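Shared between the two complexes below is chain A, which has chain B as its partner in the first and chain C in the second.
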Partner chain A sequence: MGSSYRIALAGNPNTGKSTLFNALTGLRQHTGNWAGKTVSLAQGNVQYKGKTFHLIDLPGTYSLFSNSSDEEVARNYIVFEKPDVTVVVLDATSLERNFNLALQVLEMTKNVIICINLIDVAEKQGITINERILTNRLGVPVIKISARNKKGFPMLLDTIDRIVTGAIECQPVPMAYPDEIEEKIKKIEPKVFELVGNQLSARWVSLRLLDGDEKLLNEINQRFGQKEVVE
Partner chain B sequence: MSIQQLYMEAQQLSSAKLRDDIVQQLYEKSHRLCSEGIKYTKSKRDTRTEKLDAIFTSPIFGFPIMLTMLGVLFYLTIAGANIPSSMLAEFFGSLEKYLTAFFSFLNTPEWVHGVLVLGLYRGTTWVISVMLPPMAIFFPTFALLENYGYLPRVAFNMDRLFKRVGAHGKQSLTMAMGFGCNAAAVISTRIIESPRERMLAILTNNFVPCNGRWGTLIVLASLFMAANFTGGLKSLVTTGVIVGIVMFGIIVTFFVSWVLSKTALKGIPTHYTLELPPYRKPKIFDTVVRSSLTRSWSVLMRAVKVAAPAAILTWVFANIFIGDTSILMYAVEFLDPFGKLLGLDGYIMMAFILGLPANEIVLPILLMGYLSTGSLTEVDSLVDLKQIFLDHGWTWLTALNMMLFSLLHYPCGTTLINIYKETKSKKWTFLAFLIPTVIAILVPLIITQTVRFFGWM
Partner chain C sequence: MSIPKIIKLVNGEKGNLIRITSLNLEGVMRRRLLDLGFVAGAIVEVIRKSPLGDPIAFRVSQTTIALRKEESSQIEGVLMTNGE
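Up next is the complex of A and B:
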């Protein structure tokens, strides 16, 4: 009893992320401020099997390349605040575009659930989704739900529960880049690892550095200071 | 090795097309995943959304539909709020008699009754009876439009206009947010990526009347602008005036954005992709309950929290005398010449200054100011209310000027704090205060002087 886990909800705008959040938390929610910033994120609790899942509703974004402050907030929460599980909510009717964000999240953190919402609408439009194949290709659980009709919630909560208890281990299949990029990543990844240790995914940080993500650089500087080795 | 050195090293390794390669890779993988894991059995596309979009975003019908929607929204709010508002006012008024009786039964000193009943109780119940009914209608209706998917279409329609003045199309979304609360809308400008366009959205957001100003606008419009009409027509005329005021605010928004993007915030608007999500039937009951409960309630609580101390302060100022004049009167007399120039008066200027923490309390403070010197002591209905204004020399021009001043003047304290937090700049926060204030002084000044010059008054 009493163990509490932080579950972050990420997703594109208009995927029903907030509907899911509201349906799960009911009226037991509040907004909180994060890490000195004036960002307020809606938060709420769900009780499940004697555990408390503390849900955090991240801003809806199309990518996590920190183009806008919303994207930065969502990215920083996933990477630095390290929620126990990150649930990425996708719109079943436009998965091709939505997977983009999911793939980016999978590069940043391990414990991810892909939650395909609006499955009722998709079925009406004749879209059949084989979640087993997707689970297999992505290496993390893929679940179909309909937040509006509160369908698929037991499965979602149970999967969250099994991830936090360690019954399922997520093994995200790494994104493979063209050889040219992979070589560059290999060159700096060990050095990044020396610096950030296991705190962050060294592969992901390397990729961001290659991409010239100065905002991330500043964020790492602020949070890790000038320490030679962390941990 | 520090992270900076690593960054330099990475930058040397990197090439210009790396970002493109990364994004392309992501898209290819998404595409592969979809072709492996998803089957499209029926090729039935969402034709309903396409058909609706052809109407809602049509170059011909788009704007008229938008204006009509806005009008209907305001009409529902104004017409629907009338009766509950007066019922609440009556209820609180009759409760006040019992409170007064209770206080005299306890033999409390006169000033205790003054501060608590005439100041605190009257001020806060006023805010509640004027604000609660319109909010309880406006927020849920607005939320329904939002959930149905109409708002992105508004952004789509407005995009061209915003582009023309050098601003970002998403600014129309932050403006829509401003109808609820400017302070929240300032935070919502985060959806705009470019700092320049974001600043434009922040600086002009105030020209959209927030719900704290609805009360003032609605009361004044129905008392003075639609005075000669009765029944349903009265609400209709009031709606017309309010829509006009809102349109004027939007025109000022465009004008200020245009001037700024040619001067202090030079630049060309950035491109962006706006997703038009499919129309979805909202869960009507859930939406209504949630938005009335959370939004209306939290806004109202904020109003009451600010109104309570301000009401007490106003009462104290009105009742502490230096010589034979109260502190309030000194301030009023000091501000009066300036107010008169704008077609307002010292009380109104005073109310706007004391109302800095929250726009909700401007009208209650004004009334308390008038009442502290006038003979009338109880406001039971809107008829009495109009009499108070008339006793202090109000005309339709005073009402119009006050509505315009309310629409255009400086943002409330909370909004200013948010602007500072978002921009981290004292200069821009000050400008966000200065620009509206100058406009709010100029517009009534010009109107008043023109009207007087032509002898229309």
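Up next is the complex of A and C:
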């Protein structure tokens, strides 16, 4: 028996996450523009090179700062359930908007694939995307696909495979903040690291604390605080 | 040359294009609007006003998003004239 890995699909609403999920897993997760918005987490398997990729279809959101229950579900899954790989699905015709969430994910976790979908529509609109430049700038693989036409899947699956086997290492380029904020991060990051260790990105948690994210603080207390009591 | 006309999004008329200059909001509300694409420099089109004027639908960064008065009255921008 090969090993099993959890692969989360994240992204803005309506970028084709469920279409990709269905095409890869063969499941009929309902897709649609407004009515069929994904709420509960659909899960399904893909076999590849003797391994099982367990796909999780996260709800589509514009952000991951838990302003809604959808955002909280997606954020908590990525941060606390720690999938082996997070695939962020982007709409090729609306990259500026879509990169807001993609950059947030790159701050939260390391093993990320930027999967640019709807490439067929973009091409018709005369949009060309240089995935090599993006890969260099971001420090993680960038792949172009068309989920509806099942284009680009071999490359996507192979990249997932190479991340889980350690053949490629993702190194998301850290987002730089103004000096004032960077100094504050420097002050609290070591203390945050003492608390969360390698479980969470100490830099990201520090940023969220500076932002006064109480929901995240409660979530961390619940998940990490209890363990300490038990031990 | 004319002086740029600054208006609040809530006062935009259907079809107006407005280049955002500032968000007079803090905290979670501000963050939410930024995440939806209401950032300084973004060009927003007024798509539809409901009969009572609330909410108003805007087109921003290729997506239609409806805002309540409490939100759209806190966002200001330059009203763009034809051909600008």
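Basically, the second predicted complex is superposed on the first by the 212 of 231 C-alpha atoms of A that agree within 3 Å, B and C clash if a C-alpha of one lies under 4 Å from a C-alpha of the other, contacts with A are read in each partner's own complex, and residues count from 1 in each chain.
The definition used in the following text is that contacts are C-beta pairs under 8 Å (C-beta built on N, C-alpha and C of every residue); 3 or more make two chains touch, one makes a residue touch a chain.
It should be emphasised that the depicted structure is a prediction, and the values quoted were computed from it without experimental measurement.
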item: Partner chain in contact with A:167 - chain B first, chain C second, else both or neither; value: neither
item: Chain B versus chain C as contact partner of A:67, first or second or both or neither; value: both
item: Broader residue contact with chain A after superposition on the shared chain, chain B or chain C; value: B
item: Chain B versus chain C as contact partner of A:97, first or second or both or neither; value: both
item: Touched partner set for A:134, first chain B, second chain C, both or neither; value: first
item: Chain C-contacting residues of chain A that also contact chain B; value: 62, 67, 93, 96-97, 100, 211-212
item: Chain A-facing residues of chain C, complex; value: 27-28, 31-32, 35-37, 61-63
item: Touching residues (chain side chain A, partner chain C) in the complex; value: 62-63, 65, 67, 93-94, 96-97, 100, 211-212
item: Residue numbers on chain A that touch chain B, as the complex places them; value: 12-14, 22, 27, 38, 40, 59, 62, 67-70, 73, 93, 95-97, 99-100, 103-104, 121, 125-131, 133-134, 137-138, 148, 175-178, 180-181, 184, 187-188, 191-192, 194-195, 206-207, 209-212, 214, 217, 220-221, 224, 226
item: Residue ranges of chain B touching chain A (in the complex, touch as defined); value: 1-4, 6-7, 9-11, 13-14, 18-19, 21-22, 25-27, 29-34, 36-46, 149, 152, 187, 190-193, 275, 277-278, 280, 283, 286, 290, 293-294, 418, 421-422
